[in-house]
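I've put the structures underneath this note.
What follows is subunit A paired twice: with subunit B in the first complex and subunit C in the second.
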Partner chain A sequence: MDELLHILNELHPDIDFTTREHLIDDIILDSFDIVTLIAEIGEEFDVTITADKIVPANFNSAKALYALIQELQDEA
Partner chain B sequence: MNKNVLNDLYATAARLPDKPAYCSDTVTLTFAEVLQRTESIATCLHMRGICKRPVVVFMRKSPMEITAFFGVIAGGDFYVPLDEEMPDSRIRLILENVKSPLVICDADTIEKARQFDLMGGELALYEELIHTEPDRAALDAIRRAAIDTDPIYIVFTSGSTGIPKGVAACHRSVLDYIEQLSEVLAFDEDTVFGNQAPLYFDACLKDVYSTIKFGATTWLIPQRLFSFPIALVEYLNEHRINTICWVVSALTMVSALGTFKTVKPQYLRTVAFGSEVFPIRQFRLWREAVPSATFTNLYGPTEGTGMCCWYRADRDFADDEVIPIGRPFANREILLLRADGTLAGDGEEGEICIRGTAVTLGYYNDPERTAQAFVQNPLNTAYPEIIYKTGDIGRRNAEGDLVFVSRRDHQIKHMGHRIELGEIEANVDMLDSIQMSACVYDNARQKIVLYYVGDADEPSLTTALKGKLPRYMLPNRLVRLEKLPQTANGKIDRVTLKNMAQGK
Partner chain C sequence: MLFTSYGFLGFAAVLLLLYYLLPKRHQWKLLLAASLVFYLLGGAWAIVYILATAVSVWYAALRIQANAAQQSAYLQAHKDTLDREGKKAYRAQQKRIRRRWLTGCLLLDLGILAVVKYTDFAIANVNAVLGLFSKGPLPLLHILLPLGISFYTFQAVGYLIDVYRGSQPAERSLPRFLLFVSFFPLVIQGPISRFGQLSETLYAGHPYDGGTVARGLQRMLWGYFKKLVVADRIVSAVTVILGDVNAYHGAYALVGMVFYTVQLYADFTGGIDITIGLSEALGVTVQENFIRPYFSKSLKEYWRRWHISMCSWFRDYVFYPVSSSKAMQRFARFSRSRFGEAVGRRLPVYVSSFVVWFATGIWHGASWNFIVWGLLNWAILMISEELEPLYARFHAKHPGAGGLGWRLFAVGRTFLLICCLNLFDCFANIGDTLFMLGSVLTARNWGILWNGALLELGLTGVDYAVLAGAVALMLTVSLLGRRGSVRAQIAKRPYAVRFIVWYGLFLLVLLMGAYGIGYDASQFIYNRF
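The block that comes next holds the complex of A and B.
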């Protein structure tokens, strides 16, 4: 989780990602962020986030995103 | 001769009154409704005695905002779009520059608008303006008196000193642009546009004005869909969208994330892209997914009214090839000039300069910066003739097509946006907690990297910058240094910084 928070904080140093739960609905993450996140998560965690997983529910909080990463790691 | 962009709206509203013109998820406006709202807003301006003035439109992106633009033009005025996404300091600078007598808002923006000094201008609510009974005799008189070199809009673009530049364009430039563009891209009455471009840039001219010219339909795609590629393609299919003119980054977002394995666009026949280099691998994925569509690369600065050059990308390209920017649209010429003002030779690099009706009127209320970029054609000493110097360096390849080479200055393209790195630095350097800063672009990772010296930590610096810069101009990485590297003659060493950013 720390690695993920590090990636998120690099994008938005002014946001506390441990508490926010509406990252998409509050327009904290935009299109550029999503593309960057997918690339960096891919490198850091060695997983591929496929298009069908790129839905708001998976990106609205660090927790949800981390759960997705774990799910993908378990599958691999 | 058609000398007014709204003649198309009058003709189409008479021919296809009930056809949807502009649609969003919540609102559809037919051509008759667009014209009715246009006339009501224009009548309000006329009743207030506002003519030949800039009128600010500060609304959320919607079909209604487009009718406000048209209403301003029909009133004999020119619109200045503002957007909630703009940071406060930019909004303030624009309001100070244009000194608009009226600021048209909607329910979503009026509270924010109240926070600004409107420089003597009044606030007006869109919803109240559209119930005015149209005074057709007065509006006809305004349209008859209008001259095709009168401005119809001012859009603001990044300026290296920290002050944005307001590019003003006239009827004739827009009419000419839409005519040439639509011939190349074969727009017609069956065209269904999927709009991506914000309405506060000239990039939206393609969708907005072609719609009234042909009686086409434009869907304003919700911005959040550009983060979720499958939903985006499903949206295109649901609304049978057949034409998209998008920035490259929006297209690559879809292809790079593997969307086409799940869903493909079913109706697309025209894909136009521009503002950035299209990575060949991504271009190939698009061509494979939509083999029957035509793909066209577009190039042009805001100062040349939308796009200026086009190239039909109808073949495969090698991985290391760059798609050319091609040739100018009809009725404009590209001059490749050497620094001394003479024409570059065959295959030689030169500055891309634009000649013709497409050249806009200049930067509004900014004679100094206008004079630097809008200059007398150095090849013509016989009579006044203004060309626009883009600052882009290009050359012609063996086929005679123009190829973009580089920038003359520190302007970059990032996510389709034109950004002066100097504007970022100017805003950073204004902060008390900063001693100095320098911005470079990491082309490989497509990140704006800011190096700075000062007490500010990263979160507080980001927070401060969010009030000053548009979101797309915020540095993607902040790096605090003890001091900035310098060249032998004491200037900031940008080459070293760029190598640091790119990890070399």
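The block that comes next holds the complex of A and C.
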């Protein structure tokens, strides 16, 4: 989780990602951020986030995103 | 059948009457029949295209779903006998089958769209190259464009991709799916709807509710006001100015692009108001397509508020798949190692965006001016992205710059930028657009703004007064809309106020609509896309 928070904080240093639950709905993360995140996460966690996984529910919070990463790691 | 024709009003009135007289379980069948009649009236031959798209997508979606179900059943039955690698290999094998159905169907349906919409564009470009070698031109085919093909193809293709991704169950009934593809209020200019959202109310039975019907009709009335009072009035001046670049340039070009931008807003949002209003009167909920787009403070924000259904379609079905593809991930790694962390991180985003904006441009029309329009949007968005740290530093140094004055400046700046970009819609010849834009910067004819020359553009003083009042009303409604539904706000008012508002609006459309002897309602701008 710390690695993920580090990636997110690099993207938006002014946001407290441990508490925010509506990152997509509140337009904190836009489509450009998501694409950057996918590449960063791919590098850091060695998983591939495919287009079908890019839904608000998976990106609305750091917790949800981390759950997605774990799910992908389990599938790999 | 134009939304602004008497025939359409009669068609809608008869449909509403029959719809609420029918037993609820048959209502969607009436909508299907009405949609097919509406489509046939637009050109009987075109029904073949929409049927081909509907049937192919419906069948491919069922096959994809059947394959996914078969995969689950097989894995369940062999969960103890197959090891991890065996399961993975089986999944990959089945996925390849599903992908073949998806790819085949996409090639067919996007191929139909490509052939009917882009063949002449391709031939014209080939002819341009042949001309360099003094070879004779190939004849253009002049294929007629089936009604709404860009919209219904995208709607159907989006559904198929959702089924492939497993986020949408396939629809078993062909007639029900055909209704989703051909639902007549949407078929001409969208919004490009998602099956999951639209089907919730499209097939459900709806008991008659006077309030729902009234709210739908109110929304339609507001759409007719925008279309008939504003768009179809201002179009006279737009046509005169943009019809002769030699006579009308300089300050005229600025007037022309601002007027066209007002026309485009009134025309497209008015048309969508009619679409959403009629659907609402039928009990069908259609997603919103605009959120006060001209109040945007940046181009990026504008594209979150304008033609939302198209933008989200390109984001979900082009931008994300391209940017998350294996090829793009490889490119991301390559660009990081080659150009360093900062540049390498942004390059894949920019390349993916380029693909999206090229596609968005060519979706709007088979012509280079639309492609240039798309790529200019892309370039401005990417430059803004690069300048983001600079803006952040500026705002950190000048915290007061976020006030009302700054916001108004940002809104005005964005509006002017949109006016400039919209000019690329107007001329197939990009040179004409560049000439018009350049002429504003060197203009010496600013006197036309006050010397009466604007009264020579097919609009009288009364027309300008009506336009000024109507634009002020649209602005007021947009401002009120920030506090929630304007119709809901009006509904809370006393009966006398509501009566004055709605009958007043009805009279305004009746008296101020751009009719007259020989009146021919203009085609909606987005119909041609």
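We take it that the second predicted complex is superposed on the first by the 76 of 76 C-alpha atoms of A that agree within 3 Å, B and C clash if a C-alpha of one lies under 4 Å from a C-alpha of the other, contacts with A are read in each partner's own complex, and residues count from 1 in each chain.
As a working rule, a residue touches a chain if its C-beta (ideal position, glycine included) is under 8 Å from a C-beta of that chain, and two chains touch if they have at least 3 such contacts.
The shown structure was predicted, so the numbers you read here are calculated from the model rather than taken from an experiment.
Using the contact criterion defined above for the overlaid structures, shared-chain residue A:Lys63 touches neither subunit B nor subunit C, since it reaches no partner. Once chain A of one complex is fitted onto chain A of the other, the partner contacts of A:His12 are limited to subunit B, with no touch recorded for subunit C.
Touching more residues of subunit A than its counterpart among subunit B and subunit C is B. Of the two partner chains placed by the overlay, subunit B and subunit C both lie in contact with A:Val35.
By the touch criterion defined above, A:Glu43 lies against subunit C but remains apart from subunit B after alignment on the C-alpha atoms of chain A.
Once the two complexes are laid over each other on the shared chain, residue contacts for A:Arg20 go to neither subunit B nor subunit C. Shared interface residues of subunit A (contacting subunit B in one complex, subunit C in the other): 27, 30-32, 34-36, 38, 49-52, 54-55.
Within the complex formed with subunit B, the subunit A residues making contact are 10-14, 24, 27, 29-36, 38, 49-52, 54-56, 59.
For subunit C in complex with subunit A, the residues that touch the partner chain are 165-167, 300, 304, 315-316, 319-321, 323-324, 326, 329, 332-333, 345-346, 348-349, 352-353, 385. Remark: subunit B residues 224, 226-231, 249-250, 253, 256-259, 261-262, 415, 447, 458-463, 466, 471-472, 476-478 touch subunit A in the complex.
Contacts from subunit A toward subunit C in the complex involve residues 27, 30-32, 34-36, 38-40, 42-43, 48-52, 54-55.
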